[in-house]
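The structures considered in this document are given below.
Look at the two complexes coming up: chain A is in both, with chain B in one and chain C in the other.
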Partner chain A sequence: MRFIFKTSYLQDIRLLKHNGYVFWYGLLLIAILLAPLLLDEFYIGEMAFIFIYAIAGLGLMIPVGFTGLPSLGHAAFMAIGAYTNAYLLSSGYSFLLSVALAGIISSLVGGLIAVPLKRMTGIYFAIATLAFAIIVEEIIVHWESVTGGLGGLAVDYPVILGFEMGETWQFYFICLIVLLLVLLGTLNLIRSPSGRAFIAIRDSEISAESMGINLSYYKIKSFAISGLFTGLAGALFAHRLAYLAPDAFNFLLSIQLLMMVVVGGLGTVHGAILGAIFVGLLPQAIAIAKDYLPPFIGEFPGLEPGLFGVILVLFIVFEPMGLYGRWIKFKLFLEMFPLYRKATFKRQKSYLKTERVQ
Partner chain B sequence: MTFFSAKGISIEFGGIRAVDNVSFDVDKGSIYTIVGPNGAGKTTIFNIISRIYNLTSGKITFEDQDITHLPTHQVVSRGIARTFQNIELFDHATVLHNLLIGRHIHCKSGLLSDLFFLPSVKRMELEHRRRVEDVIDFLDLQHYRDQLIQNLPYGVRKIVELGRALCTDPKMVLLDEPASGLNVDETEDMAFWIDDIKKLLGITVIMVEHNMSLVSQVSDRVLAINYGKVLAEGSPREVQENPEVIKAYLGEEDVR
Partner chain C sequence: MGHPFPFSYEILLPGLPIFWHTFYLFGSRSEFTIFAPDNGRSRLELLQVLITGLGQGCLYGLIALGFVLIYKATEIVNFAQGDLLMMGAFFGVTFIGIMKLPFGLGLLTTLLAMAVFGYLLDKLIIRSMIGESQFSVIILTISIGFILRSVAGGIWGNDLLALETPYSGEMANIYGLMISQEYLVVIAGTIVLSLALFLFFRHSSLGIAMQAASQNQLAAYYMGIPVKRVFSLIWAISALVSGVAGTLMAPISLVSPEMGFIGIKAFAAAVIGGFGSLPGALIGGLIIGCSEQLAGSYLPPGFQKVTAYLIMFLVLTLRPQGLFTQIQQKKV
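And now, the complex of A and B:
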């Protein structure tokens, strides 16, 4: 077990809390940087896909995990990012500018949509975001001059400073850089006053408000940031798909994103990343499992969405803290061995909050 | 000039007049206590002052400024912080984190500077941390600094909530039953702290409290209400001896 002797307040602010962090995350980063040399092209493509999911996951974690605003409509931000990027590329904008604009436009839409939603909470908020996603999908279908409608829209290769980035490993590094920037932004946000305000709103709105936090303003902020990150993920997703059609951004994608943050672990940055890995690998696992299953199960239509639902339910019931929560328990088990007690994480009844002013 | 004054405040929920034409003034640097039986409207008065409820009629002034129609989140930046009867802390955050949220009104950074965690944000964070540590020292919370609220016992949570209110650098704090659910020792500690808040920090206190020994120990003035109406106002002793108050608490003497 590690005991950290704190001698400065800066130690609580630093991102890498101690040398253990530096070592393990450094090792991870080196492994990721070397991966294109060592792995097959297929796996590099899949890893890039996981990076994109992780960016979207971080985007969704900010409202759902940190601000407590359940969103069922984040596929819409992915769509806005993807179509903006594809449209701007086809109109001759450079890749860097069009990705940045995709994020910014998605962010503006996020901020705008939060204005009418800011007074809602819980299930009503979720339904409203769901409606928003359906509206966006319809707009994409009908706004043919920009989106190509049901016919779809081809996405050009990214070109940076005159170099065409058509190779898988090049796209891999583009995704990695965006992921690292988004990750840094998220970590910065949650250690700063804005992130603290988000968490305060999640845990008790009434108390946050009487501590001087302007609820509407911070909910709009939360959605704007979320729109930015998810829009960036959408812009990269467009390149992965290479050809955009409205049904790529349907309700199932929203559910997949939500499953990612819940399965990974709500309210943690690790959770978004672990969830992305999980959701990214799941279709592969299902594809492999199909070969070993009897045909009437393996060929069953809707197996994948069905499994998503089952996994989501199982996690909510048995491990609400998600994969990251499981990891924390495992780590504590190793640290405390042989003194670890199962009851450490037993869920306790908390004090009733009666007379809560709504 | 009166420091804080409520003039004829009334609030109606449907047909019920929860607070009916209550007026009182609080002097700067004093401890003012509101007492009354359950459901008398004490917490409602607090919710009116902290602008969670809109009052039906009346006027509230603080430092000669009308705060009757202030948005809820701006009350604290005027210098009025509060605690809640049933503890409204941020359960999934540490004590330190909770206290830092108390500093929120003094955080001036914008969204973009937060995203990049600019040096200015870092500098401000360190400054807030220093201020929070002062409060931690004042309330002897060093031991609990990095613990999650949900793992803390009730008594400590009460103190953390008081600490969070103090972190806002208030001119006046509203304490809603600071000693409810505390044992005898903890109640005594709370009495000392409330007294220190007044004497050392110079902060005015308005509190709602049932524990009469605590009330008479620390209060300068006491307001007794029942069914939303004022029964008596005066020094703790005067109020305790007031026949109307005795009647409200104990019922009428049955003379045979």
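And now, the complex of A and C:
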């Protein structure tokens, strides 16, 4: 077990706590940078997809994991980002500008929608976000002059400073850069006063308010930032899809995003990334597993959403802290060996209405 | 009625087979135009739309009732309620349509099957979640919904199934008002069921035990109420109510694994009613059903689908706790 002797405040808030972090994350970064040289194009495409998911996952983690606002409608922000990007590209804006604008517009919508949402708690909040997503989907269907309606909207290749970025590896690096920016942004956010305020609101609105935190301001801020990140993910997602149709952004996508943060581990940055990897690889894993399963199961219609459901149930019931929580437990087990106690992570339950944190 | 009108009702109600055949049964199409300026006629049509809305609203209300029952007792929001309705409809199709049981017996079997299903669902899965955060439970029930949809698709296929009942396809003529009997049965069924539930919660000891458990789980436990079993029974009742809604809905719309999405609208109904109140849920359902039909007839296309949510947003913005709320502020 490693004890870090902290001698200054700057050391306390360092992102990479000690040299072990520097080594392992550096290794990971090098591996990711070299991946396009070593791997097949198909896998590079899939990795870019996982990056996009990770960006969206970080976007969703901010309200759900850090602020405690259970959003069931984040597909709407992805849709807004995607359609803004596609529309601006088709009307002649440059790629960098249109992606940035997609994020900003999505962020504005997030901030605006949070104004009525900020007073709602728990289920009301969840249902209202769900309704928001459905309304956005319906607007996309009917606002044909911009979105192409049910007919869909084609997305142009990204062009940066006159270079066409049509190759898979180029798109891979675009996604990677956005992901790294968003990742740094999130890490800095949660150690800033705003991030601390978010976490205080998540843990108890009442005590946060008594500490002088302006609830509505921070809830709106949380949703605006989340809208920005998810909108960026949506803008990149548009390029990945190449052709936008309203049903790409339905309830299932919202649930997929939610599954990502839950399976990864609520309230951790690692969780969003791990969840993205999990959700990104799952369809491939199912496709591969289909060949080996007996035809009765392999040919089962609706296998994928059903499996999504089963996995979510298993995680919620047996490992609510997600993949990252499992990793933390494992790490602690190694560090404490042989003194590890299971009860360290015992879940607290609350049976009285008054005890319940909304 | 030779009034030239640019829209036929088909344009106003795109892709909604649920309501089409009700209108087709009027006879020739030219007879039915929506904005007819002839006063007596248009008033009749407004009534027509409202009664269809009431029937539809009763369905929403029934599903919302299921939500509220579970929420009041266990503080769990069951996002799989719509999928319970879907299961109910499929059970109905199986027992009545495929196994050819007489309608009454088939309905009874369906309800029994649903009650057992709800009881087991709580006992096997949901019970372990008592006392967990609301968010985990929301995700749990959503994923149960996904599983149910997938399983139903696997067993019954993803095609649309129809349910024939003794009363389907008939029109009742009340003072010149032609109403499809299916909707009348829905309205009657809802009234009977609500009365039964009211009497149950007011007068039976089990119903009172359920109210006690919903007010304070621990206190109820100390008073010797088997809280766990009571919760499972509440799930059974809620599943039974959705079974009724499913079987009543099956002849009106078609049965498919996707029909559970109606649950989201019923959700809006429950929210409008305030989530804590059973009559509120029914009233919320009626409000949504009627306004949806009105929007479908008098507003541009697209509005019908989002009316429920727009109303819900409005209600939540003005009164974040719902119209008929019984939920108190959280104490510190």
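General remarks:
Everything that follows uses one rule, which is that the second predicted complex is superposed on the first by the 347 of 358 C-alpha atoms of A that agree within 3 Å, B and C clash if a C-alpha of one lies under 4 Å from a C-alpha of the other, contacts with A are read in each partner's own complex, and residues count from 1 in each chain.
The criterion applied here is as follows: contacts are C-beta pairs under 8 Å (C-beta built on N, C-alpha and C of every residue); 3 or more make two chains touch, one makes a residue touch a chain.
Being a predicted model, the structure only gives us computed values, none of them experimental.
With both complexes brought onto chain A, simultaneous placement of chain B and chain C is permitted, the two fitting side by side without a clash. Among chain B and chain C, the chain that touches a larger number of residues in chain A is C. When both complexes are overlaid on chain A, the residue A:238 reaches neither chain B nor chain C.
Of the two partner chains placed around the shared chain by superposition, chain B and chain C are both touched by A:206. Contacts of A:61 after superposition on the shared chain: neither chain B nor chain C is touched. Judged by the touch definition given at the top, the superposed model places A:195 against chain B, while chain C stays out of reach.
Applying the stated contact rule after C-alpha superposition, one finds that A:124 touches chain C and leaves chain B untouched. Within the superposed three-chain model, A:10 lies in touch with chain B and out of touch with chain C [touch as defined at top]. Taking every C-alpha of chain B against every C-alpha of chain C after the fit on chain A, the minimum distance is 7 Å. Within chain A, the residues touching chain B in one complex and chain C in the other are 206, 350-354, 356-357.
Taken in their complex, chain C has these residues touching chain A: 71, 75, 77, 125, 128-136, 138-140, 142-147, 149-151, 153-154, 157-158, 216-218, 257, 261, 264, 267-268, 271, 275, 301-302, 305-306, 308-310, 312-313, 316-317, 320-322, 330-332. Listed in rising order, the residues of chain A touching chain B in the complex are 9-10, 12-13, 185, 188-189, 191-197, 199-200, 202-204, 206-215, 221, 224-225, 267, 350-357. Those residues of chain A lying in contact with chain C across their complex are 64, 68, 70, 72, 116, 119-124, 126-128, 130-132, 134-135, 138, 141-142, 206, 251, 255, 258-259, 262, 266, 300-303, 305-313, 316-317, 320, 347, 349-354, 356-358.
Contacts from chain B toward chain A in the complex involve residues 43, 47, 50, 52-53, 71-77, 81-82, 84-93, 96-97, 100-102, 104-105, 107, 109, 111, 114-117, 121-122, 125-126, 129-130, 133, 150, 154, 164, 168.
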